[in-house]
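Below, chain A partners chain B and then partners chain C, in two separate complexes.
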Partner chain A sequence: MSKLKKENKVLDKLKSVFNLSGEVKRKQRIAVKSDSKHVSSILLFLKNQQGFIHLNHISCVDWIEENEFELVYIVWNPKTKLTVLVHTRIARENPVMENIDTIWDQANTYEREFREMFGIEFPGLVAPKEFILEDWDDIPPMRKDFNSQAYALENFATRPGREDAQDVREVIQKRSGEELPDFAKKYSRD
Partner chain B sequence: MSEIKSIGIPTPEEIKQAQIDFAPRCTSAGRVNDKETQGMVEHILNFARKHSLFVVAYGTGCGAIEIPATMTSRYDAERFGIRGAATPRQADVMLITGYLSTKTLKRVIRVYEQMQDPKYVIAFGSCAINGGMYFDSYNTINALDRYLPVDVYISGCMPRPESVIKGFVKLQELIKNGNAGNGEAYRSDLDWYRKNQQKVIKNWDFPDNYNW
Partner chain C sequence: MIREKETTLYIGPQHPGITGNMMIKLKVAGDTVVKAETHVGYLHRAFEKLIENRNWLQSFTLLCRFCVPEPDPMELTFARAVEELEGRKVPERAKYIRTIVSELARIQSFLLWYGGQSGSSGLYTVGQWSVGDRNYILDLFEDLTGARIYHMYMWPGGVRRDLPKGWIDKAYRTMDYLEGRLETYNQLLFDNAIFQKRAQGVGIIPKDKAIEWGVVGAPLRGTGIKHDVRIDEPYEAYDKIDFVVPTFEGGDVWARAMVRREEIKQSIHIVRQALDHLPGGSYYNRIPNPMKWTVPAGEAWVKTESVRGEVGFYVASDGSNKPRRVHLKGAAYTHGVSVLEKILPGENIADVSFILNSLGVCPPEIER
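Coming up: the complex of A and B.
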């Protein structure tokens, strides 16, 4: 424990100020889980008080079984070389998340991408609606319930000879005799 | 009329006689009309076209990175007369270098339609042939020749500069035999191409007709 002194200090500080759960993952890495309402204040606290001045990345995970999106904000302190991952979950139906491009300008780009690829709305986000896709008229394509192959078959002309394209997961399962988990069967190509 | 009387300006009679002599060979606009001569002219034109392939500088997908290698000193494509052109109106060849997203397809069609005849299309890699590894992608087309006429396909993922040059040599062969150049076919089958293009490009805002 004494080795991870710096990390535990930051985590304890966070725990004393906010109501959150978290752990030190390994050297230089701290992960905290919080309610989506408090994310912006946690990030502001980290930026202004703790020296985490750099937003590395924001990522989004679609947990379709739990009917939730998970957003992960990764911030970095250049002096102590520590990284904090702020995990938060929002409902999958009508997802709304707080806009943080007032804290870091570069968050604007990530939020535009989430709006287009996952359909998450960020109230107060000033940016053109179209980001990468053009004239998109289906459900946001990065959601797990979007069937990319069916969309491609319906919209794009295909050349004969691709019918035997197999699901890698199923081929490996057949070879190894390992059983597929239930949630994977649900998205099977057959 | 058997002897040349003078080397000065031809007399009106001489001009009349010349018009009668060359009538089957010329149209009123002075163009060569007869098949044999036309064939000869085409042969010379094809020879010239074959050795001056100007490639429009438009890279799509990952294959565009093979072009600098092909053009520069090691593979030196200019010894075949292949070089870059800045604008589509000055170019002869368009390269589709790899996968084509639907967003890029719109621009590619505009570029292709602005090129002057004769124009040739070379498609690179398995993505342009049948979708390649992006066969189930929601944003890339799978078979290029449904949207644009293609002269030469080069297989590979990605084709190395040797294969690119081989593809160009094949195109030169086709040009020499008069089999390349699909601008006319594209115009005559425009309805079919437009139908396929409009299926992919949903917000269609092209001009109604070009001045071909």
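Coming up: the complex of A and C.
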């Protein structure tokens, strides 16, 4: 652990100021977990007082079994080359998360995307316009309960001759009368 | 007296400034841009959603298609993320081969950029020649992987095949040829008064704001700030290779062009060094049956340096045979939206596609 002195110093500092749990995952990677209410304060602290001025990324994961969304804010310090991942979880029903585009402008792009793709609201979001999807009225498509195959079959026309979503291999077999090799028959995406 | 009225001008979704489809809605007064707004949504192929329904290895066929000019950093970054989740070791030979392939990918992308950047300033010859020269790199890829653009070659545990017989010699000769061509490109493009006048003082990214705005890669180094993932968080064989990270002051299109001009030389230098010191031994730490292969639960955030800037993957696994979440962060996500909207006001309409090219905006990377 002595090798990870810089990483532990940042983690200890965060733990002393905020009520959070965390660990040093490896060299240059620190991961912390916090309540969603404190995320913007943690990020502001990291940016203004710890030198993590670069917002690398924001990611969102749907943990449908636990009925939660996980948001991961990834920030980077150009001087120490350390990266902190700030995790938080919010409820899947009527999800609301604090807007951070006042801390980093570019967070606006992520938040607009998550608003469409996961249905998460960010109150106070600057210019909450459509980002990728146009006139979408189904459930947000990046949610795990959205079935993209069923949506495609329902909404898009099938090319003539492909109406019943035939298996290409089976069609070729029927037309040619040739037996499919075993490995091709067993193939399954599941 | 002529009163200047603001007019709305739509550039795109198809235009020569970028590889892909994206629209920029401009408010212009005369020839000057007053406000710029990026509109995407023309290329969304739901790759990230589709990957969640495929197993870990099948994901590679989709991953490399995130960005056409640079598919290799995508597969390398994802492979490294999976290796981090699994704790899988990569043989030393594979690390060197990955370094060589990554740098070859950078060189072919630089050559494609030469074409785009020169084409948007009216110098069409450069593009014809550089795309022709790029084919020699694609030949190397074809010999090595069987494919010219999308290789699916660097996968968890190493690389798919070892170097074929005679490939090393061909790679050396290709590097010698390309190095000889660089002087021609200097004369055609960088020493050309038209290009210099068009590029200098245009599309300026302020040095004091660059990191905070999320600028990465050559555009960041073009403001004089020296950051490169290959140095900051060395991966593969980069820590054993001697190379320089070029920087240039100014933050304009010219500075970004100067950085790339030096970087292509460095890439050739890296390929030669890696070929010189290529270790023997295994090239692949075999994964189990891919259809039954599960990756331990956890998360990984891994970054790689591409020509357009850093490519990052946030990967979450729930311990099953499919990724729970694969989320790409490409340089274009910030360069093509928030940074572009900040630097375009005040510029000339004719320079919009020129600036877009210098930032390396790749719309499929924004929409995924």
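In this text, the second predicted complex is superposed on the first by the 157 of 190 C-alpha atoms of A that agree within 3 Å, B and C clash if a C-alpha of one lies under 4 Å from a C-alpha of the other, contacts with A are read in each partner's own complex, and residues count from 1 in each chain.
Methods note: contacts are C-beta pairs under 8 Å (C-beta built on N, C-alpha and C of every residue); 3 or more make two chains touch, one makes a residue touch a chain.
On a predicted model such as this, the values are computed, not experimentally measured, just so you know.
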Going by the contact rule set out at the top, does A:133 touch chain B (first), chain C (second), both, or neither?
both
Taking the superposition as given, does A:88 touch the first partner, chain B, the second, chain C, both, or neither?
neither
Which superposed partner A:55 touches (first chain B, second chain C, both, neither)
second
Is A:106 in contact with chain B, with chain C, with both, or with neither (first, second, both, neither)?
second
Return first, second, both or neither, reflecting whether A:29 touches chain B, chain C, both chains, or no partner chain.
second
Classify the contacts of A:159 with the two partner chains as first (chain B alone), second (chain C alone), both, or neither.
first
With the two complexes superposed on chain A, say which partner A:141 touches: chain B (first), chain C (second), both, or neither.
both
Decide which partner touches more residues of chain A, taking chain B and chain C as the two options.
C
Output check: A:72 vs chain B and chain C. Expected answer is one of first, second, both, neither. What do you get?
second
Would you tell me the residues on chain A in contact with chain B in one complex that are also in contact with chain C in the other?
132-134, 141, 146, 148
Residue ranges of chain B touching chain A (in the complex, touch as defined)
102-103, 106, 129-131, 135-143, 146, 196, 199-203
Report the residues of chain C in contact with chain A in the complex, numbered from low to high.
40-41, 44, 46, 48-50, 52-55, 58, 84, 211-214, 225, 227, 232-233, 299, 301, 303, 312, 314, 316, 324-325, 327, 329, 333-334, 337-339, 342, 367
In their complex, what parts of chain A are in touch with chain C?
26, 28-29, 31, 53-57, 59-62, 70, 72, 74, 78, 81, 83, 85, 104-106, 108-109, 130-134, 141-142, 144, 146, 148, 189
For chain A, which residues are in contact with chain B within the complex?
132-135, 137-138, 141, 146, 148-149, 151-152, 155-159, 161-162, 165
